[in-house]
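Shared chain: chain A. Partners: chain B in the first complex, chain C in the second.
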Partner chain A sequence: MSEEKWTVNFVVYRKKGEGAPHYQTFTLEVSPEEYVIDGVERIWAFHDRSLVFAHACHHSTCGACGMRVNGVEKLTCITRIRDVTSNGGTLRIEPLRNFPVISDLVVDMSRLYVGMDKVHAPAVHPLSMAPLEGEGIKPPREVPMDDGKEYLRLADCIECGLCISACPVAGTAEEYLGPAVLAAAQLQGLGRAPDLTAVVDCVDGVWRCHSAYECTAVCPSSVDPGWRIMDLRRQVLAQRIRRWFGGA
Partner chain B sequence: MENPTKKPNTRGILDWFDPRGRRVGGWGFILNRLTAIGLTVYLYLHLIMLGKLAQGPEAYDSFIAFAKQPLIMFGEMLVIIGGLYHGLNGVRIALNSFGVGVPAQKQLLYGVLGLTLVGSLIFGLRMFATH
Partner chain C sequence: MSQYHAIVVGAGFTGVAIAHDLALRGFRVTVVERGPIANGTSGRTHGLLHSGARYAVNDQESAIECIQENQILRLIVPDAIEPNGGLFIAVDESDLEYREKFIQGCEECKIPIRELTPKEALRIEPNLNPKLLTAFTVPDGTFDPLRLALAFAATAKSNGAVFHLYTDVVDLLTDGQGNIKGVKVWNRAADKRFEIEGDIVVNATGAWVGQITSMAGIRVPIAPTPGVMVAYDKRLTQRAINRLNKPGDGDIVLPQRRMMVVGTTSFSIEDPDYVPVLPDHVALMIERGSELIPALRQTKERGAYMATRPLIGSGAPGRSISRTFKAYDHKETDNVEGLVTITGGKATTLRLMAEKTVDLVCKKLGVNVPCTTAETPLISYRKFYVD
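Showing the complex of A and B:
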């Protein structure tokens, strides 16, 4: 790591209980090669032990460290300070939007998990379905396979919620399933999982999307939820057209 | 952990229009929504104006004379720009919704903006040439 040191003002969103939110500034010496989460951890370690934030893996796998950094949704564990500010500059650190704030930088992501359950792609599987020895792994329902007959992961979605935060209409449509959930439905496909049609073909499903493509812009895991929503629309429309012509 | 308020962290409709931190697709959405609202307001103004026809030729003629001031002509220009953008972008969104051209949504939006510019210039030149 370089010896270079930067002085950066972390302007951090604070909110406890029913209290009004406010911003608190912490000026830190950091290496520009460090990640944003490193600064947040240092604030907690050396300046204010009451700062609440979430992380686990530190390598873009768990999806816990999502925050708004200078107004843009980022996984803070893979966002280098050099890429989002300058020496003497500011980092405005806020919790994700469109979820209720629990405390400071931590939000309640139930909205996302409940949606994942609705499309049969739960974030957490029952223990009985996760054999620890690795043999006889049985997905809860038919999960698509690639040509080599390997199970496809849930399109690499790490359930970080960045896409719901970036969506300009998710705040005024609390029941909107949202990009990650619709992407999980698209991956299964309405042909394979016809019962999903009723879940996604509704005002708070594929038709709530207003094509801003902000979900795709912020997704750290190449899920491309914007494209998947549009593809799901295509599937819904194809089904309807088939039905008009008397098809199944 | 107990969640004190279940209200999502949002500024409501202000978040529809905030361009900060957003990218090309997001700006396209903001413009579409603004032009949609603008066109809807214009539709009502337009109907009121057409209502002058029912009040006889004098009322209509005096309105047309009134409408030739620069400010109104500037407003008409905005309607053309907004209408062109909204209509062309509507075609882009409709295509995308059939699964067509989604990976090229940015390029399509630049195309929409380009056609809006060209169409507005042509209309503007003709409007100023005839008045």
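Showing the complex of A and C:
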């Protein structure tokens, strides 16, 4: 990290209780290598203790710190200031869309959690459900563990809500399950979890999506919900065909 | 069943585990937290569900607590834990010299270990330093910090606990004789100030416990001691990788989702409210981490963060109920009734810390209900948000 210092104007969305929302500007000296959440936390620590914002892990595993940064959904703990503004520039920090605002930068994401519960999205699952394929990674040659059990790992989806905020459909259709939930259903597979078919094969399920792929563009955690929704449609159709031909 | 009302200040690991235990034992529980759940040290931990092996040589009391709690947490909160185990590996002669002590310590603490040949270790974890000299398997795990805390909070809530988030405790209520009767709070989300009365206030504010006790005129000498952790953008192992040696800087490399997290360091600061991420500490992490897993050098940094240990100075007043963490009844130490302070410990031992603290609270108030948290599975963390 360099010793370089930038001056950045954080233009922050503010809202308390029933009061009207407004924007407030805080000018901070930052290192361009710092992450956006570091700036937001410093505003709270040194400028304004009334600021309300969410965060926990600071390394993209908890999903708490999603915000819109200059109009784009970002996980602020892994978004470097250098990548979203310049020296003397502005960072417009707003809460996620398509969720009710609790205060300032915090939204109520129960819509997402209700959906994840509906499809019984596993928080921890076998490695084989979403393998860690990719360049340069050497998978262990011995996949089962010592006692014959498979490796388990925490799911990729960190339930950050960025995809729902970015989704053009989620804004107008409040009952739409949304990208993360449909992706969680796809991950389990309708073959393995046939009871999910009824949950996703409906107007507010897999057929609501307009294939805008905004979800995939903003997802910080390799879920690729856009692709998974399309695949889930294929699974739903395959199930229907099986039913027509008298399958289970 | 008691109808006592307990106010828990802080919703990090310590606070949520205490809230859960109190609720199970029939208390009316109110939790006051100035941020969201686990925004302090707890959210920003490394995420290692300790097997205890790290402490088996130098701190056996901690080691035994870790292995016991590790086994309990796997059962009661499986949806926050990757139970993949860990390895301790030796990469130089000084590591090898630690081998005997390590084997003996783990045996004394009943931590199951198994020695692997370098070839066997590289077979199950091909990205380890190929020059490794020996390796031991240990029952480590990785936990998801927010979801671990949320599972406790969700279960507490389902048993009646009330959570006030984004709500700062700004002062303590007293009875005029210096005894604590409750808290004055400021809900920053609604910008409302109000008072909450209770029979006991449990101060579980981690590195901030001294700020709360000072509201009662009590000094607890806290030395906030942060450490850095750095996350890298690729998962290079399935297990937690530890250096086979005395605990030191950057000697744990932990997989989590598709990342590796290297930690940690240790230094002193004055004010825990904002801890800078120091560039030289970040550089040290890649230095030390790549001695265990060389491929880290070719891996992009994904995040860097700090968390603060609340070390209590030796000048702290009175006796504490445990050596591995600090719990004070301020009636005993400072003649102030109605306030209990708890800090220290580890994420891995959160349930045990809560058990001992709530035992203390029950004894004070004459409540005779045993702890059942070790046998009670937690409900889904999502239930914290979904009523």
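Here is the rule we go by: the second predicted complex is superposed on the first by the 211 of 248 C-alpha atoms of A that agree within 3 Å, B and C clash if a C-alpha of one lies under 4 Å from a C-alpha of the other, contacts with A are read in each partner's own complex, and residues count from 1 in each chain.
Here is the rule we use: a contact is a pair of C-beta atoms (placed from the backbone, for glycine too) under 8 Å apart; a residue touches a chain by one contact, two chains touch by 3 or more.
Computed from a predicted model, the values in this text were never measured in an experiment.
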Touching partner for A:A184 - first (chain B), second (chain C), both, neither: neither
Touching partner for A:A193 - first (chain B), second (chain C), both, neither: neither
Dominant contact partner of chain A by residue count, chain C or chain B: C
Chain B versus chain C as contact partner of A:D38, first or second or both or neither: second
Touched partner set for A:S211, first chain B, second chain C, both or neither: first
Partner chain(s) touched by A:F46 [first = chain B, second = chain C, both, neither]: second
First (chain B), second (chain C), both or neither touched by A:M67: neither
Which of chain B and chain C A:P168 touches, first, second, both or neither: first
First, second, both or neither for A:V84, with chain B first and chain C second: neither
Partner chain in contact with A:G17 - chain B first, chain C second, else both or neither: both
Intersection of the chain A residues that touch chain B with those that touch chain C: 17, 102-103, 106, 108
Chain C contact footprint on chain A (complex, rising order): 1, 16-17, 19, 33-35, 38, 41-42, 45-46, 49-52, 54-64, 77-78, 102-104, 106, 108-110, 113-114, 116-117, 122-124, 127, 132, 134, 136-142, 145-146, 151-156, 158, 221-222
In the complex with chain B, residue positions of chain A that touch it: 17-18, 68, 70-72, 95-103, 106-108, 111, 168-172, 174, 210-214, 216-217, 226-227, 230-231, 233-234, 237
Touch list for chain C against partner chain A, complex: 35-39, 42-44, 47, 78-85, 123-127, 137, 142, 144-147, 149, 166, 168, 188-192, 229, 231, 234-236, 238, 255-259, 261, 273-274, 277, 279, 282-283, 295, 298, 302-306, 380-382, 385-386
Residue ranges of chain B in contact with chain A within the complex: 1, 3-13, 15-16, 18, 20-26, 28-30, 32-33, 93, 96-99, 102-103, 105
